[in-house]
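Before I ask anything, here is the structure I am working with.
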Amino acid sequence: MDVGLFAQYVMNGLMLGMMYALVAVGFTLFFGVLDIINFSHGDVLTVGAFTGLATYLGLSKIGITWAPAQVVIVLLVATTCMAALGAVIARYLVLPLKAAPALNTLLLTLMLGTVLHEAIRLFYPLGANPQRFPPLLPTTAYSFGNFTLRVDSVMLLLAGLAVIVGIHLVINKTKLGLAIRAVAQDEETAKTMGINFTLIVLVTFAIGSGLAAFAGILHGLYYSEINFAMGLLLGVIGFSSAIVGGLGNIYGAIIGGFLFAALQTIGVLAMPFASAYKDVFAFGVIILIMAWRPTGLISEKISERV
Amino acid sequence: MSKARAVFAVLLPGIGSAVAVTVYVILLLAVESQAAIAALLVAGVIVVLAAARFGGMARIGRSFAERENAMNLVIVLAVLAVTGFFYEDHFVLLLMATVIIYVIACLGLNLQFGYAGTLNFAGAAFFGVGCYTAAVLTKHTAMPHLLILVAGGVMAAVIGSLLILPVLRTRSHYSAVVTIAFALLFKIFLEVNDTLGGPQGLPVDGMNVLGWEFNDNIEIGEDFEVAFYVNYIVVGLIVLALAFTFVRRLERSWVGLNLDALRLDETAAACFGLNITRWKITAFTLGNFLTGVAGALYAMMLGFIAPTNFTFGDSLILVSIILLGGIGNPWGLVVATTILIILPEKLQVIQEYRFLLFGAMVILILLFRPEGLLPRPLRTYLPGWQPK
Amino acid sequence: MTAIRFRHVAVFAAALALGLSSAAVDAKPKVKVGFIGPLSGGTSSNGIGGRNSADLAVRLRNADAKAKYEYELIVLDDECKPNIGVLAATKLGANKDVIAAATHYCSAVAITTVDVYHKFGLPIIVWGAVLPDITYGNNYKEVHRVNGTMINQNETAAKFMTGLGYKTWAIIHDTTDYGKGHNKYFSKFVTENGGKILGTFGVTSDQQDFSAELTKIKSLNPQVIYFGGLTPIGVRIRAQMEKLGLKAQLEGTSGIVSDTFLKGSGPLAEGVLAFREGAPTEKLPGGKFFLEQYNKQGYSDPPEAYGAFAFTAMTLILDTIEAVGPDRKKVRDALNNVRGANAADSITGKVDFDDNGQNTIAVITKYVAQDGKWTVWEDSEYAKGLRKLKGM
Amino acid sequence: MTGAADGLLVSRDLSKRFGGLVAVDSLDMAVRPQEILGLIGPNGSGKTTFFNVVTGIYPTSGGVVEFDGKDITDFSPQAVYRAGIARTFQRSRLSLSLSVFDNVMVGNHMRLDQGLWFNLVARKDFKRQFEENFERARDLVKVFDPPLADRMFEAVGTFPMIDRRRIEICRALISRPKLLLLDEPSAGMTHDETKELMDDLLEIKGRLEDLTIIIIEHEMGVIERITDTCVVLNFGQKICEGPYQEVAEDKLVQEAYLGIQ
């Protein structure tokens, strides 16, 4: 296969992987602090994307048409709104179930996801149709043989990287991050250390959901199209990535995300006759990995008190 | 004589409620005007709440607990009564048959989730395996259709066994993701796989037992005909009765005890010799079998199946039914399924909003009544048995 | 088996006739007619357009004092999903008060529901689905269709494109019968006309990311990408072509001739080609009248490409009922008789059913997206050479 | 000190490491048949870990466990139970949503017919077996607390701590094990309750004379009252062994306790 084409595949894979990783990080953060799966995450992403779109439309209405400004505002509004939503979800839906079996929370958030994207389908104007997402980034493209590199794709990729690095720094270099890690390590001890547990949980959910919104915008800008159902698959893939990486481990999540994208791309290359099977292939491999490493590649430490 | 009277006294509340519910359901299914339906629903809720408030529920519960077989019979008769009333209304009968079939499927999930505690998010997928098995077998083989029901179950169990290893090795969240991944994998596979009809789906022959065509309306005399769905309601009821008895006896045996024990505390269970693996596999396989049988029957009734029948969303609905009904309580399933299937069909206004509403409802239940509408009672190994 | 079913139909049809003749005493007896289309999901815009148009036909008829009956339109949603469609069809068919119906925009649904209509003896007229087998794959007397099939559509498309001088194609089609059908017929005609197909890709109808397929197509470097599928993935494919810098010309089918495609793709829609059977609404004999009436009713959504056909189908049903009375069997036979000398006039021109109940109008319109509108090729700046198509 | 040979449960050079932490450190000890051995030592001295290693919940990091003359090192929990060792847990691990009878029957697993046919179809035979075992369970519970025996079909969650402890011990004893491992039975109970429970325990011990018990306990009163001999652990090592009085005198032991507490 010629270099340009290969480069193209790598680029596609990286783009996908970036989105998956962003989603996966959210899942893993939630699990870290509360040992729960927030399955509404994928649909929070969708809501984020639509919030972004709505903001854009609003801006154009009031005559703000300078693209850079639009991008910034869209991102700000979407992320803050979703951060708020995340905190609300944590406060009123997830924390109340803290004592209940883990699967109840899983189920609750699954249903919450349904509620979210159904709400979009029903209440967003023509929400059932695919919505066009405006190209807010420069679309100039450079071609090297079969490899077309678009400025916006590069910007998206870099932005994604920046965010992931940012998260890494927040978790490892700030007091907040310290608190989050403390809670993740052992809630009781963290409390005795005078950490406000509830607050940390809310903040973590805010961060994670903000990430989702960011990923949603990324998705919109990259595919120039969003729809109410986009969250489900993204969510499940992000979740699988987090699981494969090993829940509660940010690096695991990132690796998982890119791994999954790689699997899909390889699926296409390996089975040119049936590129449609790429997801079957990807999920199949996930199941196998689960059978092989029941707690993920970078295993989460299970300490069972007896 | 006096004994008979005593028995009757015990039975009265049960039978009374059964009759009331039957009449209510007939009304609900018969009226068309949305306002009337809404009114009926409100009334129903109020009556139930009142009954619960003034201990009526307890009495009814007693009838079921002490005269179980009698009450089961009453229920079956009630269903037949409703069927008879709507003998020529295809759509109502389709709804009823659907409810019956879904209950069978949910009994399977209940074995897995309610007893063994393995949450299976691929319920619709295993249901689908049953459907597709039926589709293929009716088309390409001469296998007797009653056997095809069994085959559907076996197939589901077999395909389920592919997941056994990962499900066994993983714990709660992790095994949940295994089933979720499978649910999606299954649907995508159906969509891209042409030999099984792809997204277009497959036609399925109607059931035919000893030359009796299930998918033809039944003609009696000149211009009196009964909708063909009655056939499926009858078969459905028979299968359901078997499945119900099966699940009930399982729960009321040492096996049921084992499943509860390992669900509630694997480590402790292991320390008392329970073979965790064996019982998890048993529950998972038997559960999938039931779900598959239901699927096969459903496919033959519908006459056409497509991947969109078996989405992740559908699996979620199955799980919601279990939860709404009261985890581990077969009767709860019956009630929950009836509500979740009939309500959106009758209350057209909510039809479009049904997923939204189901979602919201489950969330509320989880927050405020996690034990469900009919909480599971303690195990009674031998109904009516009293220690000497 | 068929025979048995027929007897049933006869029986309850007769019973029905009795019931109604007794009811017919009072002034204007109610008669129910049905409509089924995709009212939710990606193709809902077409479904809603069709629904409004059928509704318009009913309203006009009810406003007409000379009409014998008062009509009620029962509307059901098939979500463009075969299994949902079967349920909807059963619901209509089982409801004996429904005399006839205009049904289905999605071929994948229509092809699966015809059996149901036959089973219940409910006469229907397809108003949008283009798969040939819907009428030609069976000999059901209940099934009719006012719009053309994809055969004529793809023949014209292939001739036209090769005529423009295009030589190489890559085909993307969704894997429903609709997409497969388009793939089959277009491949056939395009190769007959000397075109070359470099690659064919089946995609699922809810696929999100096409970069893999498109990247492979890019390496094949065709002049034209032919897309046999519906609006939602059409939008995605157009957008992702741009991302990957594909310079090829996009050629669609009737499935993307919708305002939603134009809205969804924005400026990227410019220059996309598509083909549809039947003349554009405003160019139809009764098109002007139809649009006037439609706007007068103040529906919130446009009639879309197939609205006129839905209107025609429903009007034809109402005329027939007026003529032979509300009786499924009679209506069915009357519809089968709409041919040759008895061909009906309609806003879409003559309706002339062949033995399979297929309307034999073969006019196909070529469209090009120009300035956010589906413009008829002949009047477009592209035809005049003021703008250039891609891939040449 | 006793040669390991005549012990019912014998551990030789038994070790358990978690990463860097050594929870049990090359421990040699032997329990004589029919004695009650007290296993004491400050928190985190490896007592519970020892139980978990013996019962097969944790794999050993080294050394051997012998029971009744045969090597049971790294047996699965199931196998250990079948060999005749039953235990209770520090945090009571009953199934609160199940009835008293259910909980006791879990412990009786070994004696119950697990065949599907038997359970689902042969309901007559099942009835017989059920009634036998109900009698056995009720008699056992009676020994601890007669009133409790009349409430066999109530959810365990509704009972106070002391009853739960009783039920948990019944669950362990119903299968007639040779060795009973009690992990802090007094935890979460008042002084009087503890005393009551110990009376029950001694009564049982009287009835099942071939029963051997290892008890982990912080309440020295309890230890002094019921144990024949004690083993003191600190940092996973045995620092002292012998009858309570001797042990209580021991320098190391006192340091160990004072050192920590």
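The first chain written gets the first letter, and so on, giving A, B, C and D; residue counts start at 1 in each chain.
As a working rule, a residue touches a chain if its C-beta (ideal position, glycine included) is under 8 Å from a C-beta of that chain, and two chains touch if they have at least 3 such contacts.
Just so it is clear, the model here is predicted, and its values are computed rather than measured.
Least step count on the touch graph, subunit C to subunit D: 2.
Legend note: the chain whose CA centroid lies nearest the centroid of all displayed protein CA atoms is B. C-beta contact counts were set side by side for A-B and B-C; A-B has more. Averaging C-alpha coordinates per chain and comparing to subunit D, the farthest chain turns out to be C.
Between subunit A and subunit B the centroid-to-centroid distance comes to 35 Å (mean Cα coordinates, whole Å).
Centroids of subunit A and subunit C (each the mean of its C-alpha atoms) stand 39 Å apart. Chain geometry summary: the mean Cα position of subunit B and that of subunit D are 43 Å apart.
Among all residues of subunit C, those that touch two or more other chains are 40, 175, 202, 204.
Among the residues of subunit A, those in touch with two or more other chains are 233, 276, 306. Under the contact definition stated at the top, the residues of subunit D that touch 2 or more other chains are 57, 89. Residues of subunit A touching subunit C in their complex: 2, 5, 8-9, 12, 15-16, 121, 126, 128-132, 134, 139, 141, 143, 146, 148, 150, 153, 222-225, 227, 229-230, 233, 264-265, 268, 272, 275-276, 278. Within the complex formed with subunit A, the subunit B residues making contact are 119, 163, 165-166, 169-174, 176-178, 180-182, 184-185, 188-189, 191-192, 267, 312-313, 316, 319-320, 323, 352-353, 355-356, 358-360, 362-363, 366-367, 370. Within the complex, the subunit B residues that touch subunit D are 246, 249-250, 253-255, 257-258, 260-261, 264-265, 267-275, 282, 378-382, 385, 387. For subunit D in complex with subunit B, the touching residues are 55, 57, 76-78, 80-82, 86-87, 89, 93, 95, 97-99, 102, 105-107, 109-110, 112-114, 116, 119-120, 123, 126-127, 130, 134, 138, 152-155, 171, 175. Residue ranges of subunit C in contact with subunit A, taken from their complex: 40-42, 44-45, 175, 201-204, 206-209, 211-213, 215-216, 218-219, 231-232, 235-236, 239-240, 242-245, 260, 263-266, 268.
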